[in-house]
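If you scroll down you'll find the structure; I have some questions about it.
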Amino acid sequence: MRAWQGRDVISILDFTRDELEQLFAAAEEMEEKLSRGKPPRLLEGRIVALAFFEPSTRTRLSFEAAVKRLGGETIGFSGEEATSLAKGENLADTIRMLDSYADLIVMRHRYEGAALYAAEIAEHPLINAGDGRQHHPTQAMLDLYTVRKLFGTVDGLVYGVLGDLRYGRAASSFILSLTLYRPSKVYLISPRLLRVRPEVRMVLEESGVRFVETESLEEVLPELDVLYVTRIQRERFPDPQEYEKVRGSYRVTLDLLERLAKPDLKVLHPLPRVDEIDYRVDGSRYAAYFLQARLGVPVRMALVSLVLGVWP
Amino acid sequence: MRAWQGRDVISILDFTRDELEQLFAAAEEMEEKLSRGKPPRLLEGRIVALAFFEPSTRTRLSFEAAVKRLGGETIGFSGEEATSLAKGENLADTIRMLDSYADLIVMRHRYEGAALYAAEIAEHPLINAGDGRQHHPTQAMLDLYTVRKLFGTVDGLVYGVLGDLRYGRAASSFILSLTLYRPSKVYLISPRLLRVRPEVRMVLEESGVRFVETESLEEVLPELDVLYVTRIQRERFPDPQEYEKVRGSYRVTLDLLERLAKPDLKVLHPLPRVDEIDYRVDGSRYAAYFLQARLGVPVRMALVSLVLGVWP
Amino acid sequence: MRAWQGRDVISILDFTRDELEQLFAAAEEMEEKLSRGKPPRLLEGRIVALAFFEPSTRTRLSFEAAVKRLGGETIGFSGEEATSLAKGENLADTIRMLDSYADLIVMRHRYEGAALYAAEIAEHPLINAGDGRQHHPTQAMLDLYTVRKLFGTVDGLVYGVLGDLRYGRAASSFILSLTLYRPSKVYLISPRLLRVRPEVRMVLEESGVRFVETESLEEVLPELDVLYVTRIQRERFPDPQEYEKVRGSYRVTLDLLERLAKPDLKVLHPLPRVDEIDYRVDGSRYAAYFLQARLGVPVRMALVSLVLGVWP
């Protein structure tokens, strides 16, 4: 088991199951500290740079809350500002600047590999908050943590991952993260055009995890313990009619769940959603996506603390 | 008298005079602490979400300063970023996200009722920093506090509220707030098109406050103790000539004040102004709008501390 | 020697050599504190307003990091937001607002004189983070500090300042700052169109500093101890071909340095760069620009602490 301190977080596959369990133990302590009021000021005097070259509200605010709950500070940029920055200066110089101002860099970028490249330039550790289509390791961490909290374990469950498995990095990262555990079975539910990418399928095959690709949610829904829903974007479809068809058949409604799902099925979603989960599901026993969003803060508190070496 | 802790702040009418007096007593203490140097770190480890769906600089920075003076932290978004957020996600999901990251939400939105709706979703308290045309309760709080500071009381004074009384939420909120007190008289000075809305007139009538609607500033100016000026926006007028006429007749100049006003008249303005108050008024005995802006910080320090239950 | 506390920082020429040495002594202590871990929380409870009417990432984040490293907080705006602000309200009112929320204002503006004007309005001290074409005093401070760190002194060295000496405020400020010291010689290397402005030349002449204006980098390179490179912007040239010619002849490459420069030459650059310094220089003995960027934080920590009177 490698030490957490000073480590870059690029892909969920950089971590072993034991290392993740260490993270989750720390996250549990953070959760408890949060619920009891003031968490310890572990990050006082520390600065985390938030470099969001692609706009993001949830992930950015979740990291910001995590750092600030522990008495740390953030600096950085996002969205518009990042765009104009991107025009004026090469990525390496921007990363060197942040590296000389901060103790840790959290970065989102639209190109795959950007986080790895930046991590090689920075002397301080760097956390990938999403790069391109494949990696969003901290999302996968909080997803696993949520499952573990709901079921006591990640192993032995039947998972369905629904939506855009080709371009959606949350879905890809979650699928990859399951290969570190022993799920009973993983259904990859997507339209043909949006099936998992070959690199992800290869990792699945090598891991020995049982997985099945399918286009039908209804057929597999009765077997699932966890349904991980993601957005399907209109832009992915050359034909708008094709999009409408897919969208309709993948809409998770309360009626559908009550008709076909196990009573203990839990629905996850990295959010934001458009309309792939009906609002009537929100108040039901199935909905776990708001809990999941909330758990992002303690998981990131734990992650930042471990990487900066201030915990335990 | 209801407890302040955990309370939503949607409209100034949600509060009694006694409750406001409690707030103002706390604000006085905050003012004193600010003037003596370091205020107590009452909000250490706390996070306030600033959700400005409509751009704002003054109100946002005033809340931000208030929270940070007390050792708390803020997260959030404003302007451009909020616009793109608004497109991608429904308000309820955004509020739930902020509610799970922060201890308190401060929100501005262009639709009336948005704050009330959001407060019903959020488990943490929510402060309305302006929604639509009618409510801007924290502005009214600092307005009353300013009058109280200048005259020792809110009661017994003659008020003029000038400008766009129809669409301006600062003016509406101030007028409503006066119904909680016993002003001697309230002149509502506006062009015909921009008279107070029926809902506001109804509250005035029921309250028993003596009020008079007029189009002429000059006629009533000699009677006033407080002149509350607000902007008149060109867009409200179908006819640009009509706008120019109104604008000219409502311009508060030093000459006008010296000619017609009581020597102790105080001019308030929620700011920003365009040209409705001449810059020559700034240095005069009449100008109270910069003091008013400054008092926004201690009033909001008091409000946030009361609502979060860390004061007294 | 004037006291630092409460002082505005508008131009580098507002300071004497002795005052700058006092600043640099404080910066050395800040550097040491940074390297040993947690710097003291000198700014706890203090708020610095960052008013960037012109977009900036490096200078803004450098100030933000400096303030936050010392436990202080920032509020403010930049870029887009500032633009819309600028439309709605006059500068004086905006400055008054910030002045009433914060203990110190750091301001960037595209008009010369804006900082001086704002400083006259604000009761709290104001630091100019760049106004128009001439003044960027904190950049000059960190430039001098970098030279002093590299050579043990600013005196007695041969300097070359390269690029747009007419419109570039970092170059102008650096040149002006050298007149407070006793450089052996200063070469001003630029295309004819972009020579130093008359006001700067006048200060140089009056100071008695030996300076030579030239168009050729190659001719003077062998003599230099310090080469201060700045960007040349395409927009400055009426003829694009002229631009391409200039750009090519002023490109600092590793080959050029190895062929002509002293082994101890150090290359500085205020950054961001476009392509005026080849990336192959980055890893070489000549490159001092990343160090320079890093030193911006301790210099600004010292500056803010002195101006706010919390150090020593």
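Chains: A, B and C, in written order; residue numbering restarts at 1 for each.
Definition applied: contacts are C-beta pairs under 8 Å (C-beta built on N, C-alpha and C of every residue); 3 or more make two chains touch, one makes a residue touch a chain.
As the structure is a computational prediction, the values presented were derived from the model and not from experiment.
Comparing the contact residues of chain A and chain C by number shows a mostly separate set, under half of all numbers used being common to the two copies.
Superposing the C-alpha atoms of chain A onto those of chain B requires a rotation of 120 degrees, given to the nearest 5. Centres computed as Cα averages put chain A at a distance of 41 Å from chain C. In chain C, 80 are the positions where the chain touches two or more neighbouring chains simultaneously. Those residues of chain A whose C-beta lies close enough to touch chain C in the complex are 44-45, 47, 49, 73, 75-77, 80-81, 84-85, 88-89, 92-94, 96-98, 100-102.
Chain C meets chain A in the complex at residues 37-39, 41, 55, 57-58, 61-62, 64-65, 68-69, 71, 78-80, 271-274, 279, 290, 293-294, 297.
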